[in-house]
Amino acid sequence: MNIVTPTIKNLIDIWLKEDIGRGDLTQSAIKNKIVCAHWISKTNGFFCGGSLVESIYKTLDKSVQVTLHKPDGARISSDEKIVELRGPVFALLAGERTALNIAMHLSGIVTATNKLVLELKGTKVRLADTRKTTPGLRDLEKYAVKCGGGVNHRLGLDDAAMLKENHIAWGNGIPEAIENLRKNIPWTTKIIVEAETKEQAIEAVLAGVDGVLLDEMQPYEVLALTTQLRGLDKGSSKTVIIEASGISPQDIKQYASTGVDIISTSAPITQSKWMDFSMRFTEKSTC
Amino acid sequence: MNIVTPTIKNLIDIWLKEDIGRGDLTQSAIKNKIVCAHWISKTNGFFCGGSLVESIYKTLDKSVQVTLHKPDGARISSDEKIVELRGPVFALLAGERTALNIAMHLSGIVTATNKLVLELKGTKVRLADTRKTTPGLRDLEKYAVKCGGGVNHRLGLDDAAMLKENHIAWGNGIPEAIENLRKNIPWTTKIIVEAETKEQAIEAVLAGVDGVLLDEMQPYEVLALTTQLRGLDKGSSKTVIIEASGISPQDIKQYASTGVDIISTSAPITQSKWMDFSMRFTEKSTC
Amino acid sequence: MNIVTPTIKNLIDIWLKEDIGRGDLTQSAIKNKIVCAHWISKTNGFFCGGSLVESIYKTLDKSVQVTLHKPDGARISSDEKIVELRGPVFALLAGERTALNIAMHLSGIVTATNKLVLELKGTKVRLADTRKTTPGLRDLEKYAVKCGGGVNHRLGLDDAAMLKENHIAWGNGIPEAIENLRKNIPWTTKIIVEAETKEQAIEAVLAGVDGVLLDEMQPYEVLALTTQLRGLDKGSSKTVIIEASGISPQDIKQYASTGVDIISTSAPITQSKWMDFSMRFTEKSTC
Amino acid sequence: MNIVTPTIKNLIDIWLKEDIGRGDLTQSAIKNKIVCAHWISKTNGFFCGGSLVESIYKTLDKSVQVTLHKPDGARISSDEKIVELRGPVFALLAGERTALNIAMHLSGIVTATNKLVLELKGTKVRLADTRKTTPGLRDLEKYAVKCGGGVNHRLGLDDAAMLKENHIAWGNGIPEAIENLRKNIPWTTKIIVEAETKEQAIEAVLAGVDGVLLDEMQPYEVLALTTQLRGLDKGSSKTVIIEASGISPQDIKQYASTGVDIISTSAPITQSKWMDFSMRFTEKSTC
Amino acid sequence: MNIVTPTIKNLIDIWLKEDIGRGDLTQSAIKNKIVCAHWISKTNGFFCGGSLVESIYKTLDKSVQVTLHKPDGARISSDEKIVELRGPVFALLAGERTALNIAMHLSGIVTATNKLVLELKGTKVRLADTRKTTPGLRDLEKYAVKCGGGVNHRLGLDDAAMLKENHIAWGNGIPEAIENLRKNIPWTTKIIVEAETKEQAIEAVLAGVDGVLLDEMQPYEVLALTTQLRGLDKGSSKTVIIEASGISPQDIKQYASTGVDIISTSAPITQSKWMDFSMRFTEKSTC
Amino acid sequence: MNIVTPTIKNLIDIWLKEDIGRGDLTQSAIKNKIVCAHWISKTNGFFCGGSLVESIYKTLDKSVQVTLHKPDGARISSDEKIVELRGPVFALLAGERTALNIAMHLSGIVTATNKLVLELKGTKVRLADTRKTTPGLRDLEKYAVKCGGGVNHRLGLDDAAMLKENHIAWGNGIPEAIENLRKNIPWTTKIIVEAETKEQAIEAVLAGVDGVLLDEMQPYEVLALTTQLRGLDKGSSKTVIIEASGISPQDIKQYASTGVDIISTSAPITQSKWMDFSMRFTEKSTC
């Protein structure tokens, strides 16, 4: 999927303004000329952000050539060449930090996601993210989770209707809330309920929701409840999707065998560290 | 639902710039003073756009007071007062055309939608819109369809995954396309297939899609196929949603009894006329 | 005239964000590759929007090639090829709806304008639009009216100074209002008066306005008044322009022989229906 | 006229970002508290920019109170209080330079305009500006010219159609160019010709233009030509407007008695100096 | 310092669009009413982001009241109330995730910074950040480092001129590079050299730079070199600032006694985890 | 240095919208075709703005070719060719005024700066600008000062921390204010004090500031004080920078021999006149 949407193009402009501001002062110390450079990683991990690197540099200066050696989601080894660049040194330096920063951040998320996805290996359970994402980077961080083998939860308040504790508390119960939604939201949109209790989960499934989140329940509770919910829903070609949410990443394996379809966690985004990449210049005319 | 989202606030700025440009030249002909005004409709119909009128005027001048006599979706009679305004005449005139234009356009859509929805009265079938909307006004025109008793189809390319003729033709068949989507799209997102043939529709339902569009089929074909699709899907608490699409508005009644859940048409947006409202000024100090 | 001004380029960005949002989900179902496509019309009519189609696609992806078979304003027959496209399928699909929507909307306005202009054939009377335009599309809709053989009225509150009922009521009469304007507006700007009565029209012409609108008067009134106004203004190389406004489109012929220069109506914009175009894909390598 | 249009509001945001950037560093040196301040002028002259000062401060912090002692266009004496401010010192300092800069620049233009307008006293000739304006400040600089007693020429390429040397050279003569324009531009828009020769001026007036510019001609040529042009145009209630353009400001008096309506010069904008204002703080609680 | 600069106000608009998109779908499930809510932390740590929370909510709806119980940089205990909110539930929910996300992210940085700053306790050495920051959040993440007791390095390429390895390699040595800079950059701007070797560091100090970075050197090297550099610079009231850069956070104590002024590390930004806050609603009328 | 930063690219869009608005009306009078043009100056002086001219035209139409005959800062003689252009006449005309205006304005500043810099010839004193710049043009006007041989003062409130009269009055003296700054501003940022009195200057230098401004003092006072300040600071490799500010441009020579490093004045920006350039078209096919 092409991630450099019109919205992301606007963000790239903002990122470049943020770092370049009134202009790169050190351009006065040197002469502009064509040089080559490449990126290497200082540790093993997984890569993400190639098309952004390309778009950042093309936004700065169309003459910069970017060669991506690794697709998004690929495993990278320490010291391996990831990206090669050729162009005016003024542009290569002016875009360096912005391009590295976004790629290092996203690659950190992919690497963290891969680790958790590995714990689910051999099961049919999938790892999902949440709406706990860095403001301004939602779409890209969620893209990184996908590159790491995860699946996305809804992307915003307008992308699936999700009833939470307070929506339920303030209304006249789950069935009426769902009925209200059905009248008002696009028919192409899923309805999901975040259940704090067994009773809410059952009520939601009986009301025909598309998915139910079992929030902050113990693995044994999730196991029992999932079995019960599947029973309510049997015979259908299109079963309700059951997600365990509010899970600590270290408990993921315990939930993997409870029969849920999805385990969600914000950890790959909120608890991960950046990968560490470095840009090396070479002055050879042939590069 | 609060329709004046941050995105819509930006549009209001653009609309005002469009009409006001370098400034209202006629302000030089008169003195600014506080006046009152109200809107009346020249014909019967339905109203839409109240919160936009309010937001347009508040954007221009916070001191303008807007009183809405009719909620969005309400029936209005010829000569009935719809909106009342009080504030500096410079602001009232500078916002007049923009506020009237958007409300007259959206009210036209509500009125046209109501007419078609009436034809479905007594059935469980709902009327849906399409992505044929005026560029820049998608969310608002779809809101007007809802106010008119319709239901929205997806709001953009990112809001439900819909396989169309060409997605099917270019891949290895519907099941593989769906499998690819399931791996890549949020689990909270529905998958829909637009079927040109009976075979495609059956294949889609067997693959467990959330919805199927029967495109440009005759009413008798839709009736037969819907029955067959319901059979494939039976026993489920959560049945596949079946939509008849590519329908002329005049044929709507014939499709209403085919057993489909939804009939979609772009007509209330692409074939409707604006309502005609007029703003009348009064100079009384008490208004 | 080049209609893709810097302002319109911004709108194109907004339109694309509106439809694409967080990205076209169905891109995950297929592989990207170069394909060809063309547009055909489903009915006879007139075309408008070619340079917008080109600019929309170039904004999305510079490699898309757009060939326009019809200039803006040209007559098109049902099933005729209007536009041909060649490029990555991801781009062709991502821009499809936006490009079609704006062209279908504008082509509908051209077609409606042509119909009314035909009624004025054989006279010297020209058809003009009004400021009743869809918010965000003013310049483009007015361009469509021109393509259909009409002439534009002022484009915004800053484009010609037009005294209306309330400007007159709140001041000390037309001559003083005009004097105030002359002192304050650019000398390159016309002054126009919308007259509700015969007396106002006469007063305006005697005050030397550039144009006078005879608003909501009967054809016989317009005929008599126009004759009288021409008398006041005789001998001038540069006569006052007289417009009949507030006219129903069905009455246009009755006003055509009253001697006015211009008949204005919002109908081609507020009462017209979209044309219906369709985009067909072909996979042949030679296209 | 309200000059703080939606377009100007955007500029104010840009100006504030320009000066404040990542934040006023000196805020760390002091504590925020409510203070008072006022502006005085260091020389005699004329003031302009009051509503901008107000809008700049309100944009920064709604609690700042701005009292304007002088309307735009008013004469100011050295050491006279022009503006008073009350609010948080952080806001007063953060907006100080931006507010002073725009007001000092515009006041310089008003003062320069007044001087030239004085030279035309006793005649009916008016002083006009040109499109030679500082990029980003066109509307405001032209507003300052008006405040100084001048009249504006067109505000942009879309505001009056003006045929210049090259338009004439590249076409088939003035009459055809005008005919093309009349077909395509709004009927509410004036047509003007910039004439380099006597012949062009005559041709333009005979073709019924609204205005003619006599460009870079000697005063005696302008005198003779104006008389001739008035003759061609006689009997009209609405005579062609004649402008002398390409005039050095020092020659203005010589052109004042040639019979032209308008003399245009870019000098008040391109050759003027800023006024010099100073902001003085007072810490008294009652201010 | 007021961190909600005009630039940050724009970012808040972007963040809200990102999460709210076409509107919060669940608003259809409930009725709008005034409610109260508060934030508590799930763990001990330090808080940051109060004025952003306030600005996010005021941007959404001016009627929301935000009470900050903790200033930025304050220690917070698990379960302590941090923020209280009162306002329409539609606004409270629509801003919840954006406000929490930015505050949790920044609070994580403050907490991580505090930990490292603690290791420097008892020394005069200060902890600095780098330009490795999340694209779009540079100013805010650096603000969080300050709230945690750190000091900022330059904020962008335009904020201090810093010669790095390649600037030196591509020119004619450090002295010439510095001379070029002095001619071209503002005199108010510092010049800094990142030295990879002892020789470069000495050369830079002799050339009178304002600061020198000793990059990726061992603690014993830094100790020796710092002593030598202080010798070159002695007698000055204003000594060169020496920074150890390229330091792993775990080695910070070893560098603390080398005599450097500053130790810089990207760790509080690139290696930290978010704090975990939760928003709790209460429906009591008195809150 | 590349001055067309992402921020300046945005300004160029705004400038073009300002002049082109709803479109160049005169395009209707002529046919589009490829033509050539060049710029000549009407007087001797210095040029500035070449890369802006290029960027303005490329923004309008990528096919326009711009050849710069003079680098920024170069001396130009009357009637010398400065710039050559080749491209569609619609683009050449639509960009003409914007490109000329910015270049004429900046060239005026370069020319005025050169004149003042000449007065300092033979001394080591440098000429600096101030924050008195035209809103929206700060970076470009300061760039012009550099092209004219001057040096820039800080570019905004965030670029160097400068304590002024009121910062000192409202705090507990200069040393405490500086201590507060050191804790809070980046260590890479200079601290400067604007001294109104001899005592303040001494206090500032003793507190180790990077620069001190002697504001509105007589030449003999500056001479005596500078000698004294140098004494306080002696022995340092990196001496405090002393600036004379609040100077009238005519007094510059008197201050040139006082021993200060810098003399600042806003005159080249606030008191300068535009250069006068003209664009000449040629229709030859070979150009």
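Lettered A, B, C, D, E and F in written order, each chain numbered from 1.
As a working rule, contacts are C-beta pairs under 8 Å (C-beta built on N, C-alpha and C of every residue); 3 or more make two chains touch, one makes a residue touch a chain.
Keep in mind that what you see is a predicted model, and the values were worked out from it rather than measured.
Interface chain B/chain D: under half of the residue numbers present appear on both copies, so the contact uses mostly different residues. Looking at A-F and C-D side by side, the one with more C-beta contacts is C-D. More than half of the contact pairs of A-C, counted by residue number, reappear in one of E-F, B-E or D-F; that pair is B-E.
Seen from the C-alpha centroid of chain A, the farthest chain centroid is that of D. With centres defined as mean CA coordinates, chain C is found 24 Å away from chain B. Spacing of chain B relative to chain F, judged by their CA centroids, is 52 angstrom.
The mean-CA centres of chain A and chain B are about 31 angstrom from one another, to the nearest whole unit.
One inter-chain figure worth recording: chain D and chain E are separated by 45 Å, centre to centre, where each centre is the mean of the chain's CA atoms.
Shared interface positions of chain A, i.e. residues touching 2 or more other chains, are given as 1, 10, 20-25, 28, 94, 139, 155-156, 158-160, 162, 183-185, 189.
Partner chain F is touched in their complex by these residues of chain E: 1, 126, 128, 146, 151-155, 158-160, 162, 183-190, 192, 205-206, 208, 210-211, 232-233, 235-238, 240-241, 243, 261-262.
On the side of chain E, the complex with chain B involves touching residues 13, 16-17, 20-25, 27-28, 59, 90, 94. Put simply, chain F touches chain D in their complex at residues 10-11, 14-15, 18-26, 28-31, 33, 89, 93-94, 97-98, 100-102, 104-105, 108, 131-139, 155-164, 166-167, 169-171, 177-178, 180-181, 183-185, 189, 266, 270-271, 273-274, 281, 283.
Every residue of chain B that touches chain E in the complex is listed here, in rising order: 1-3, 5-7, 10, 139, 155-156, 159.
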